[in-house]
Amino acid sequence: GTSGGSDDSSSDGAAGTSGFTPPDLKKLDTLGAGEGKLSVLAWPGYAEDGSNDPKVDWVSSFEKETGCQVTVKTFGTSDEAVSLMKTGQYDVVSASGDASLRLIAGGQVEPVNTDLIPNYADVYPFLKDRPWNSVKGQMYGVPHGYGANLLMWRTDKVTPAPTSWGVVFDANSPYKGAVTAYDSPIYIADAAMYLMATKPDLGIKNPYALDEKQFTATVDLLKQQKTLVSEYWSDYLKEVQAFTSGNSVVGTTWQVIANVATGEKVPVQVTVPTEGVTGWSDTWMLSATSKNKNCGYLWMNHIVSPQANAAVAEYFGESPANAKACAQTADKNHCTTFHAGDEAYSEKIWYWTTPIEQCLDGRTDVKCTDYSRWTQAWTQIKG
Amino acid sequence: MTISGPTRMVLRILTIVILAFIYIPLLLVLVNSFNVNKTFAWPPRDFTLEWWRRAAESQGALDALWVSVRVGLVATVIALVLGTMIAFALQRFSFYGRDSVSLLVILPIALPGIVTGIALNNAFRTIFGFELGFGTIVIAHATFCIVTVFNNVIARLRRTGVHLEQASADLGASGFTTFRLVTFPLIRSALLAGGLLAFALSFDEIIVTTFTAGANQQTLPIWIFNNLFRPNQAPIVNVVAAALIVFSVIPVWLAQKLSGDAEPLGAGR
Amino acid sequence: MSSLHRHPRVRLGLLLGPPILWLGVAYLGALAALFVTALWSQNSFTGLIEREWTLDSFRTLFTVDVYRTIALRTIGVALLVTLIDAVVAFPIALYMSKVARPGLRRFLLVAVLMPLWASYLVKAYAWRGMFAEGGLVSTMFEAVGLQSPGFGLAATVVTLAYLWLPYMILPIYAGLERLPDSLLEASADLGAKTTQTLRRVIVPVVVPAMVAGSIFTFSLTLGDYIAVRIVGGTNQLLGNVVYDNVGAANNLPFAAAVATIPVVVMLGYLAAVRRTGAMESL
Amino acid sequence: MTSLGEQVTTETPPDTAAAVSLRGLRKMFGEVAAVDGVDLDLAEGEFFSMLGPSGSGKTTVLRMIAGFEAPTAGRILLGGVDVTERPPYARDVNTVFQDYALFPHMSVQQNVEYGLRVKGVDRRSRRTRALEALETVRLEGFGDRRPSQLSGGQRQRVALARALVNRPKLLLLDEPLGALDLKLRREMQLELKALQRDVGITFVFVTHDQEEALTMSDRIAVFNGGRIEQLAGPAELYEHPASAFVAGFVGTSNLLEGDVASAILGTPGLFTVRPEKIDMHTRTADAVPGSCTATGVVREVVYLGSATQTVVDLDAGGSLIVLQQNQQGSVQDKLALRGAQVRLSWRREHTVEIGGSA
Amino acid sequence: MTSLGEQVTTETPPDTAAAVSLRGLRKMFGEVAAVDGVDLDLAEGEFFSMLGPSGSGKTTVLRMIAGFEAPTAGRILLGGVDVTERPPYARDVNTVFQDYALFPHMSVQQNVEYGLRVKGVDRRSRRTRALEALETVRLEGFGDRRPSQLSGGQRQRVALARALVNRPKLLLLDEPLGALDLKLRREMQLELKALQRDVGITFVFVTHDQEEALTMSDRIAVFNGGRIEQLAGPAELYEHPASAFVAGFVGTSNLLEGDVASAILGTPGLFTVRPEKIDMHTRTADAVPGSCTATGVVREVVYLGSATQTVVDLDAGGSLIVLQQNQQGSVQDKLALRGAQVRLSWRREHTVEIGGSA
């Protein structure tokens, strides 16, 4: 059924972070006038101002409306975002689930008063108050888009169509040497999720909450998987190229990659395998040390507005967070393709969350492995 | 004359093969800038001018190019000044620790870029409390560019010796006049060669830049790096690179011409 | 100026002061600060550095096998890249300096320098295209009935060698340019055939120049983490470990500890190189 | 001095025995004829010099013999064998370069062994032969030094040893003493000459110093504009120059021509008298019968140490230089002659008509 | 030749008028004393030469006078003014460097104008003066060339013009003719000497060529190991060398010492006879009364063109070199003397006791 981990963690959001008390920061009570400028830290493609492609621009209209002049810095990984936020130079950040908790715990971002953000009302309810964007029921940002790490394969080279992650994890996979995997420590969760389904006796309840034994088993699986892997990917260009050339024929992917590949007439298909999928859900957050908080709130309101949210979702290739955005997309099928608003689909996704010592699945008798362990393990997996 | 005919032939063929090795990838970049495929799959299905048109409109690429040029120029000027000073100090004086100084000059280029990058990043933020930005990129680039200027200038100084400067002093010119009228004209082409290499080094640097660039400055390599991650932008990167290759002929040729005499660029190194 | 004339020390001080402040204090200071952090630890959740002395980072570095494997792999790749560059750069540098006429020489010099202006990343992706299935390299391999190497260490070595080639050609060219023609004539005169002259006169004389070039190729390879991600398949080098730890895990102390490996390797290399007189011909 | 006889011989040795024969040798560099038709035969064991001003083609001839430069026309024969097409390493010839061209990365010993090494001589015997060669040039014990640790004269000798160790049939030397100072050059001249006599190798020696050529050579070719202007032994060359050019280039030339010659010698034409042949008397002294005689005024007196050189402006026009050995008389007396009226005389047979056969 | 008198004078000119005075000049390079206590006074308008072997300190003295090197001890006075502490550009001295040190990036004209330009002379008059200077060295019309387009002798003259245009009180020349070939060197010697006489500037001329020093100088200082070994006019130096070193360095030395001296001269000691003073007779000829005489066998005969040099092994031991001007007799006859028994004789006054005042 629903690989219901999300339910657990959502209901136990507070428990999941038990023992972790965020710094006591005040949220804004009332909105004032914009300060005239705003420094944005974003994933590439999240804050386009037309400088790369004049047709892709949802920043200029914001600047015109609010008078807040925007500067954008992009980052390549969640961890880069965390370290950049520590410089205190940025007002708002688009944080994925594997960054957000760290930002909250480190005091880099402050609670957000969603009442001051009119468009927040239209955000899908199933994205609100989740463990990666809230603590103890207090939202720390505005959900903005989400997507899944799907299984993609070349239909001409992979038959029958796979329904399980087994094709990328099983030592006997016929696609040895043509498997691809995501190049980040967070990918350990994908393997844990696979073990959760295939090795129930390990007792994994949440792929982001692994005790020592579970972690070792997961890492072993990944080490064995390495013999199958042709390459690890981290940028979408590499992935599309690998599938186009045939260097990779099966592996984890994003919907947008599948779309581009299909657009280039590469015979690929994607699916949500039986074991479920991991995914991301991004949240715009506000720096605790920001001097431009009013502009920050205005930005958060703008970016989840139907038009902007639709533009981002289409350009970046993900599901918008605003239910009204689907009406604004250029490609009318966009929301269908990306399963936007499909709560059941969304519930199948194990959204990226930072693993910490306090087990996120609520266990208190053991210590879980934290993200720095995951990073070191990732280095060892790749060898 | 003493290299025998067959050897010359072998060398000529090898040179052609090596030139092919150097230019085939560049040619590929050029062809790919016309490739309709958004991820420049090979072989191209079809060709298009779309990417060139889009690149021409890309304000981001132009801005980044402008940042790179400015960074390169300022870093080169600093490297020229500092590199020349060290070259003079090492060539014209003997002092304790001369060897250490020459080691110090090559250290920034000899140590891996990532080490220099995180060391400077750490120092800028935690020790000096600088905000990462244009200035920090320039400082970082100038640091590892000093060596190219230094190498060129010291080689020239070694060759010209002190006689001409002494002749100038002998004829009544004070230190500064001598530098202006004699020393500087003599090392000018070495400065040009060193400066050109320094600029090229700075212009294509990405690793150190990644760690020292602030939010608002994208150098061209960083822009390229970021755009490889954007849907629909990757082909434009090929266009930018192809354009760079084509237009770089101008400064290189110009510098060759300006350096005058038979002294080819880089020979001073 | 007149008083300076009699005070060479003062002039030396004025000349050396600013660069030493820049390099000696700022740059070396930054390096020192980095390596001090290697002796601190870091809170893994918040990523804040805790300033307590500990050898934990180094302990991990030395006890976990994978780091040794990666270090050795990296050094191996750097050596191979350097070797390939030396072998490839030599004939073209020789042709440029001793065979080509002045006009052709200028042209070749420009031709060799030009790739420096094409973006590093773009060139790396061009090689990715060539090593991909159906790309130029695999087509060529298949044409002669061989299995294409595909993405991996071989592709990494080739790509890096390609990227750093100009940095090797230039010093070798300059070194050969300085080699008087009369030495080649003397060798032929004494009965040496061209190959003997190559081996006994040209190669020994250009070795310092090659070593000078190798400082570039070797160190640039040691610090690289991008090319291997593009063409290296599943492989990683020291640069990736440093980058992952500072960029991804945000673990500066451990990154600094890892960074000591290439630094120590490079310092050792420089110390060895010093004796060849390569510093002079850099 | 086995070659004494040749000092006065101008006929070329018979073709068959020739160590080197050049036949119609020409070399063009673009439009310029650096060497413009040279024919030459050298005997075995001869010390042969090529003398001439800068740019006259001496080096180019040498480089063609060694094989560094291919002739535009003509043939080169070594010991009767045509080697025109052979590369340098296939000719039994060695060269001592003007800049020595010692390999900087090898020790003196290794430099000297080089020729044997590339010929595959075994380590043992090449060591012995190199030591012998170093002994010949009096550099025992210098084997381990680098060329950079030697003085100019020592380097020159290493270059010599490096060539000699191969026991070539022919040794080419391109201004080997050009870079040395006068005292050292004189010493090296003596050494070289003695060495050549000992080893019996044919030497082709390029120089632009006429004294050097006169004292060392069996025969001398004077080059001018890519051609041989005169080919003769030292005495013949000095005493009977074939042209005004040779007269001027070899020794100090005292030319008498046109009206001056008519007035003094009775016939017009181009004549030369060497300064040391001329006697200087007071104006009132009697003319010696059977002598040529001329009157004039002393313009300049230069003290040369062993001799005094006097420049006399002739009453008939022109001037003559007189060289007098300082055997007798005080320097002051000689210098006091400046401005004095003098009579010069010399034996009729010392008036040499240029181009004539004397 | 206004300075003729000085050629035989050894007293230094009075201090007051001295163009240059060196007082106890010393220069240490580390442990090495390059110049080891030099005292010297030069008169205005004098042509003064410094002669000595390589490394004897000549260049170092010159560089201290010019101001490129600071003395370790001692003072330097120019025209009575102490300039020891002054930088080069504040001394009224110019130098002609051995390698000419012409600025390669400037034309000949610009090179010559340089000194005037840095002194702020206006464009007009520096042009005129530069043209004058170029005329003095006979290089009119060469102003637009680059130094690289000139021959060695022409470059040397540009260097000279560049120095002369400043009308310095003192001109220093460091082996200015060292790089030229013999013929050109002789020509330039004459030109330089004439020029010095015309402009009347004091010249300090460094050379290691004894002939050059003898023919050109008013006085000569012979350097050895950082000290002045002898300071005298050319004739004095040649005829009465103060030490065996000077005897050997200036001209060919014929030394007689110990037993040989006793046997021939009757007294032990160190004596020298110049080769040109010696007469050579057949063994049977009578000894000339009042002469020194010695018998021996001819070992070697060398033809020098204007003279013949004969080496005679003495029966009493040792050997003497005899120089005979080739005025009479055939070359063959002279060369045939090899191996002959001969008697040498020379006037008693030509036996010079070394260190003695004759």
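Each chain gets a letter, A, B, C, D and E, in the order it is written, and its residues are counted from 1.
To be clear about the criterion, a contact is a pair of C-beta atoms (placed from the backbone, for glycine too) under 8 Å apart; a residue touches a chain by one contact, two chains touch by 3 or more.
Note that this is a predicted model, so its numbers are computed, not measured.
Per the definition of touch at the top, where is the C-beta contact count highest among chain pairs?
Chains joined by the most C-beta contact pairs: B-C.
Looking at CA centres, what chain is most distant from subunit E?
A
Let me spell it out: compute each chain's centre from its C-alpha atoms, then which one is farthest from subunit D's centre?
Of all chains, A has its centre farthest from that of subunit D.
How big is the gap, in whole Å, between where the Cα atoms of subunit D centre and where those of subunit E centre?
25
How many angstrom between the C-alpha centroids of subunit D and subunit B?
That gives a centre separation of 55 Å.
From the C-alpha centre of subunit A to that of subunit C, how far is it in Å?
The separation of the two C-alpha centroids amounts to 37 Å.
Name the residues of subunit D that each touch 2 or more other chains.
68, 87-88
For subunit B, which residues are shared contacts with two or more other chains?
Only 1-2, 4, 40, 42, 174, 225, 228 qualify.
Quick one: which residues in subunit C touch 2 or more of the other chains?
2, 5, 125, 129, 132, 134-135, 185, 187-188, 193, 246, in rising order.
Going by the contact rule at the top, pick out the subunit B residues touching subunit C in the complex.
Within the complex, subunit B contacts subunit C at residues 1-4, 6-8, 10-12, 14-15, 18-19, 21-26, 28-29, 32, 40, 42-43, 81-83, 85-86, 88-89, 93, 95, 99, 101-116, 118-120, 122-124, 126-127, 139, 142-143, 146-147, 151, 155, 174-176, 197, 200-201, 203-204, 206-207, 220-221, 224-225, 228, 237-238, 240-241, 244-245, 248-249, 252-253, 256, 262, 264-269.
Within the complex, which stretch of subunit E touches subunit D?
Contact set of subunit E toward subunit D: 1, 4, 7-8, 53-54, 151, 178, 181-183, 208-211, 214-215, 234-235, 238-239, 249-252, 274-277, 279, 302-307, 323-328, 331-332, 335, 338, 347.
Spell out the part of subunit E that touches subunit B in their complex, as residue ranges.
It is residues 66-68, 87-89, 93-95, 97, 99, 101-105, 114-115, 117-119, 162-163, 166 of subunit E that touch subunit B.
Per the contact definition, I'd like the list of subunit B residues that touch subunit E in the complex.
Within the complex, subunit B touches subunit E at residues 163-164, 166-174, 177, 181-182, 185-186.
Can you list the subunit A residues touching subunit C in their complex?
Of all residues in subunit A, those touching subunit C are 20, 76-77, 79-80, 82-83, 86, 102, 105-106, 183-185, 226, 229-232, 234, 237-238, 241-242, 245-247, 354, 356-357, 370-373, 375-376, 378-380, 382-383.
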